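Labels run A, B, C and D following the written order; every chain starts at residue 1.
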């Protein structure tokens, strides 16, 4: 059993109202560390067996077609241990 | 300049309809690798300077009060390189 | 009697809540999110809407508004407080009520005429209803599924803190069909559907929501 | 990066400019050079190219749209006509109402959620700009075949986007359309209507007058949204490596827009602006040139003062950016402090970027250097105008000559199965899976919304004054005969208003067509406009504004010509409105109007893959008499429902299912025609038996044929000897859409 993580973020040039809202709220609560906040999605996918290159390729394909919208989002696939 | 990532996931005992919907859609598209899918949020926070322990502690506090709702969610803070 | 209605940036049903307050003869006082002064109100309504766009989690950001610190303090000492929809979400985020409201199980916004069963008529906001009474009022939200851990659920049920339940098919996946809950003292009520949109059959599905507003009036008058 | 200034342009006439990549024809580029007496700077080229595009300049449609002015009926209700951001209509008691439809078709195919969302955002700003509080939206939509693979992606995204944006703004959605047809695959239509209300003295116009007045940009910061095309310019002009990737998709931020609405309304209430314009297509290029040319003529803008979300934007890109949720106001210096204070209260970014001058030119600078110096009218209003060739396409005579070969149910079993089949077809099936994703209650003034014939909102809680709106299009008829199709859509929208008891007052429209460079499509367009203008003149309804969307085609297959017509009406007391469905047994059902064999272009024909035949002939005199009869009969009607797609079978089914009360109906004549024909100008009404006389005398007075067709009650819809249990009818009706898209 392995856990594969797909992170999906809006491309940098795309407006991110959610991240903006968080970025504006933090300083109001006294948190001043952030110069920018972007908000995206994280998918945790459990598979049976090993995360072989073949499976990771499949996951990437799924990310491209379903999990992310390549017109506005980019994604990253990784294996969690 | 450093990038800090906060991952927020629903606690395992809380129903995750979004993850479920993705889990159900994958096999319809011919992707059969997943035994379970959970969906959460990812925040990418840019800071000026280093991600010192003090700043990471601040970020954890922000995660606990704002970015995550501890009633239903857990979070993880990490530094991206 | 003065009932405050809070406007956060992104509040939508604040005018409607004020209309319902006036409909039962009370004075509606507009409270601004950035102003911690409650202007001497006897009770407060947190209305529906998408405060701050609800971009993070519904109610997560509004919870920290200056007006909320005053409201939280007063409510803890007994001031009647009703959170409708987004207001309910704010109450949970503020930990004035337990649990959380999450994405509807069908994953989209749902606007429908919903039948509710009143389960507790000893709160400040439901005393004019009979226990078991069914009313039809609008439900409209994207994140209305009430979730909590098993212990909390057992406590809510065991102590009779469920105020209203959905009748019929579960519209959003809420645990035990919960539509609204209260605190032990009965002054704070959170409700997902919108009684303020059911005060006149001309503009709503019925006048079945009016009871929430007549209830608070009788409570305040009898005090 | 080197800056292209007016000075440089004057000394480098030979520089090659990428006008073709920006969509300008060689002669258009030549005209710009003539206007300026030199080559344009790259910023000027950016402005002209985007303002002279089809979308902004109406260059192919202008010559036809003039008819709306030329044939305009006399109307005392019209306060502001075509040309402003939206027309304004007097509805009495000192109230003015503004409404308009816009299309956002192409972006909604690329990114359905954001395309649809920003479509709503754009039309709402148009309405706000007039000085009005937006009070409701509607969304006429068209999709490819319901079971086509891509329709699910497109429909679910578009519906979520319309709901996501409109719900967050707190605008009730009070109606729309969901129609499926193969020709919309790859070309979905997202038309969005918004209506707003204000007092007469609050009307605002988009003009910059008064030298010394300030130009203020407020709302969202400017990013690189929607400027795909101009990146070409940036890269070609500034050498390799200069341009970053720019998104051609705009992302909406409804929260920012909601705050912008409240902030603007507070500003209007204190009378702090001289003129105002929203930023939509063509962004600042459009706002500055339109404001300046409608005013006294001169304006100076310091472009480097524009607050940016993306600091790497070039001046050309800033001028063309279509970042959402921005407005531009002209403010007197004495009022600017208060203006900025209100913006601060709402946390809205506001920046003075320039001032009105007593010159006649629009001058834009970048860090002190002049990059634009143009006569604003030449950008905003004096673009190219084309009389594109048009000719009747070959298909018309061919399909008009086709004989329909469709099943004509006769026996009870055939009738029953036809009705069930009809009501479960995607076009006729219940759309609540869609409409339940929209908030219809917010603002507390919604009197009617889906599934009624028209949307109705109250605008005064004391006097109970209200307005009603319906949008309609019948593309199959427009395909067969675009002239009649436009008139018929107009008649249907007006009828849908009158069935509820509101008096039609004014018209808006959104004309969705294929490529204007195809003479056949251009003919469809020309015929449509001629039909609509003639129809509006005959019915005495002014066109207050609208929108044209061309290039809705995939390869050389164009969409069906789809003129969406919106009609606005007024009702003095919303409590007296007539709902679409009866809520008790024992009422008599009457059909108003006559039924002929009008199966061409009908839903029944479409279900059997037949597009041929001859569209019905409109009879607007009859429609006007019918409207008068409906208005006069309002007090005796317990229910009134328009007959359109699916004919009598559909209307009776919809009425019976609304409150789960059946009906027994007896029809003479050929049953298939009686049930499935879509002859226009018909309405079913339910009345108390005691009102039969009153109905008869109204019918006589207005010369409307009436036929008693049945009574309400029971748990079935019985049509002659066919019995359809309401439970069966309901499953047929409600299962289809959730099965396809749920």
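The definition used in the following text is that contacts are C-beta pairs under 8 Å (C-beta built on N, C-alpha and C of every residue); 3 or more make two chains touch, one makes a residue touch a chain.
Please read these numbers as outputs of a predicted model, since none were measured by experiment.
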item	value
Comparison of A-C and A-D (more C-beta pairs in contact)	A-D
Subunit A and subunit D, separation of their C-alpha mean positions in angstrom	36
For subunit A paired with subunit B, centre-to-centre distance based on mean C-alpha positions, whole Å	9
Averaged-CA centre spacing for the pair subunit D and subunit B, given as whole angstrom	40
Where subunit A and subunit C are represented by their mean Cα positions, the distance between them in whole Å	34
Subunit D residues counted as touching two or more neighbouring chains	253, 255-256
Junction residues of subunit C - those touching two or more other chains	52-53, 55-56, 61, 64, 106
Sequence positions of subunit A contacting 2 or more other chains	17, 20-22, 25, 29, 39
Which pairs of chains touch, using the document's own definition	A-B, A-C, A-D, B-C, C-D
Subunit B residues touching subunit A - in the complex, by the definition given at the top	1, 7-9, 19, 22, 25-26, 29, 31, 33-48, 55, 58-59, 61-62, 65-67
Residue ranges of subunit A in contact with subunit D within the complex	10-11, 13-17, 20-21, 69, 71-72
Sites on subunit D touched by subunit C in the complex	160, 163-164, 167-170, 253-256, 258-259, 262, 346-347, 435-447, 458, 461, 574-575, 742
Sites on subunit C touched by subunit D in the complex	9-10, 12-13, 15-16, 19, 48-50, 52-55, 106, 108-112, 138, 140, 142, 194, 196-197, 202-204
Touching residues (chain side subunit D, partner subunit A) in the complex	110-111, 114, 220, 223-225, 244-247, 249-253, 255-256, 309-310, 323-324
